[in-house]
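Below, each structure is written out as structure tokens.
In the two assemblies presented below, subunit A is common to both, partnered first by subunit B and then by subunit C.
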Partner chain A sequence: MSTSSKAPPGHFKILYFGPAENHTSKSSEDLPAPLPIAKLFSTLEEKYGGIKANLLESCLITVNLEYVDIPENENDEGMVIQEGDEVAIIPPVSSG
Partner chain B sequence: MEVATQSAEALKRQIATTEEELKRLKEQLAVVEAQSSIEKAVDGLELGAGPVTTGKWPLELEEYKRYGRQMIVPSIGIQGQLRLKAASVLIVGAGGLGCPAAAYVAGAGVGTLGIVDGDTVETSNLHRQILHNTAKVGMKKVDKIVEKYDLVLDCTDHPTSRYLISDICILLCKPLISASALRTDGQLIVLNSPPLPTGDASGGPCYRCVFPKPPPAESVVSCGDGGILGPVVGTMGVLQALEAIKLITSGKLLAREGEKADDASMLLFSANSNPPFRSVRLRARRAKCFACSAEGGLTLEGLSSGSLDYVLFCGVTTPVKILEPEERIEAREYERILKEGNRRDHLLVDVREKVQFDICSIEGSVNVPFSTLQGSGGLAAEGEMPAWIPEALPSDAPIYLVCRLGNDSQIIARKLKENGLGKDSRYIGDLKDGLKAWKEQVDNSWPEY
Partner chain C sequence: MAKELQEGNCYVALTHDHLNSASMIDRVRSPNAGAIVLFAGTTRDNFAGKPVKELQYTSYEPRALQTMLTICKSVLERHGLTSIAMIHRLGIVPIGEESILITVSSPHRQAAWRAGEEALEECKAKVEVWKKEEFGGEEGGVWRANRDGALGVRVNDGNVESEPPAGPHGPILRPGRLGERGHGAVVHLNPQSSGP
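Moving on, here comes the complex of A and B:
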């Protein structure tokens, strides 16, 4: 996968690591920005039914390589993902 | 003659039982011996702790030769080498991560190296019936072992052991280097560094700070099911050894007065990605962390008494039992159907992923991977036939599902029925115990992978 390319104008890039890639069948994609971080999970749930409970809730989420907390309530204030940002969905991998 | 055969049979059975018993006893002995050799190694360290000086130089002459190239690296030096010699490192798990990690930790001249595997915290036991007992016995032993070491490397393969080891390291103030690998991806985190007591916000985050919620048990994929590349897991194990050497030689095994955590980070390795390495910045300890915050409920007493159930916390996968007995056929029964009938009289659908189907498949079977049948994909709208059903197939022709072990096939069989493919009194069922049974009952030349 080539994840180094930038998202087109009006979009942010989202990277799916490890098991997340299997869930979405892609390693990355571009989604419309801006998007409040509190709405990230519901946005992905709409695209990939079941992803929230099966994957996202146990994941580490980063924006521009920095850890972010996802507000529990969708209407809570929180950071807003901006155009050109890079979001990563990092599920725990436990095997070895 | 018949009597003789019978008594020979009886003797054979008795031999098999006795051999089984002997094997079990040998395994128990090995565990006891491994345990006592670890204890011995640790006792040895306690006696000779600190740099050993024989004569005017702090290291043996041979050690100067052996570690010379490492010692002249500016960040190591003689001080770093002496710290390595005085250090004790515990590696939990002696598999794909633990073996390379152990080789490089030992090769760097670490004074005491402990490796725990087998029944002590063998997480492959967690898939067995006796899982509760095993996990709790393991817990009691592990905290006693960890106590005797300066640094822990988590090289295990299951969420249960990862949370347990992290909790113990928090309670005993030991830094922890945790790595994992699956398919072409790996993760590496240095946790609890500096290793400050519970409630001290300046300490490094723990595994629970990074992953407070375990993944659903059904979603946990082992290397056996998901696959793994040797160099990927090897890379992660070697990187663990590197982080261990860095921590030891920079004198970070114990927290220094007033020390605050540097920004903790997680290193992500994706062999097929560009760039293949990414480092993400993590936060400090989580304010409400169950293990390392002042508000958390974790105590050494709670842990050793076994009141914390890690197996329950991470969830248990129970064997899939969706179909009724009449919805399942034995592999040998399918072979009979194949021999007697016309191939067009039925359809055998193999729901393994394509990479596995390509390795080996039953002649005439159609591959419809499990993943493509997840969600709404792979199935046509109500009343229509999915594209993978041949047009020539009569509407009442049976559909048999098969997979590797007979779990996914049940899920899909049920799903096809719910989707209405079973109307017109069509039989939909699966091959019990999957291709494993096919090898056992029908074709012993089948390549099991």
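Moving on, here comes the complex of A and C:
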């Protein structure tokens, strides 16, 4: 699970762990930045139909290793994912 | 090669190697401590009666190490521990081998017992590690989620489905908490401490 390679200019890196990796069939990819965090789920839904209801709604999100809130409404203000950021989809965990 | 973090008397690590309980006991050994408790989590050969061939763990390593350290620091402080250490194995873990070790030391045993259990519960609720159970045969693997003890998402490509809760004790019926978004509750073992 590489988290080292940086996204190219104008992009951010998004990481898919555990069940998220199965939904997307990849462990990571680069998406265009900037992107308001409120639009992240709909952006992913466009690429991976069904991912929102089947997966994302039970997931947490980190940006640069910190957990962030996803606004309920897409038009709400919220943080904006910037070029070079590392975003991760965190499904319910199962350590131990 | 283990990835590790150390702060004060807290040590946390992730590794693809076999876990060594003797070295984890030695990490918390101290002349101030009259008790060391070791918890070893080992991989079980079945899930709800279904044979499991092997388990595979993946992790968001830098995030998981931070969460493990935060848990250890708070458990250490809450129980007045001398020292605490936590290591989780990643990759394929064959049945019957250790996937996690937690060691705690404290002046007296009661605090060590309680702290060990609490550290494990918090780890299972929060640490960014994911377990896939391989059942063998044509079924492929299944991702587990600790929060409900249920079978998770089937791994067959392009054919992802969610399964209803099927844990041995049925689904856990508990209202969601604000901001929780699917991650399970942390179980505190001493609820009486909130009393008079």
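FYI, the second predicted complex is superposed on the first by the 91 of 96 C-alpha atoms of A that agree within 3 Å, B and C clash if a C-alpha of one lies under 4 Å from a C-alpha of the other, contacts with A are read in each partner's own complex, and residues count from 1 in each chain.
Following the convention adopted for this analysis, a contact is a pair of C-beta atoms (placed from the backbone, for glycine too) under 8 Å apart; a residue touches a chain by one contact, two chains touch by 3 or more.
This is a predicted model, so every value here is computed, not measured.
Undergrad: Is A:T24 contacted by the first partner subunit B, the second partner subunit C, both or neither?
TA: Touch status of A:T24: no partner.
Undergrad: Thinking of the overlay built on chain A, is A:A88 touched by subunit B (first), by subunit C (second), by both, or by neither?
TA: After superposing on A, A:A88 lies in contact with both subunit B and subunit C.
Undergrad: Tell me the contact category for A:G49 with respect to subunit B and subunit C: first, second, both or neither.
TA: In the superposition, A:G49 contacts subunit B only.
Undergrad: Hey, what residues of subunit A end up touching subunit B and subunit C alike?
TA: In subunit A, positions 1, 3, 17-19, 22, 25, 50, 54-55, 57-58, 60, 62, 65, 88, 90-96 sit in both the subunit B and subunit C interfaces.
Undergrad: In their complex, what parts of subunit A are in touch with subunit B?
TA: Within the complex, subunit A contacts subunit B at residues 1-4, 17-19, 22, 25, 27, 48-50, 53-55, 57-58, 60, 62, 65-67, 88, 90-96.
Undergrad: Going by the contact rule set out above, which residues of subunit B touch subunit A in the complex?
TA: Residues in contact with subunit A: 93, 95-98, 155-159, 162, 179-183, 185-187, 210-211, 213-216, 219-223, 226, 228, 233, 236-237, 266, 268, 270, 272-275, 278-283, 371, 375-376.
Undergrad: In the complex of these two chains, what residues of subunit A are touching subunit C?
TA: Per the touch definition, subunit A meets subunit C at residues 1, 3, 15, 17-19, 21-23, 25, 50, 54-55, 57-60, 62, 65, 69, 88, 90-96.
Undergrad: What does subunit C use to touch subunit A in their complex?
TA: Against subunit A, subunit C makes touches at 41, 57-64, 66, 88, 99-100, 120, 123-132, 143-147, 152-153, 155, 157, 160, 162, 179, 181-184.
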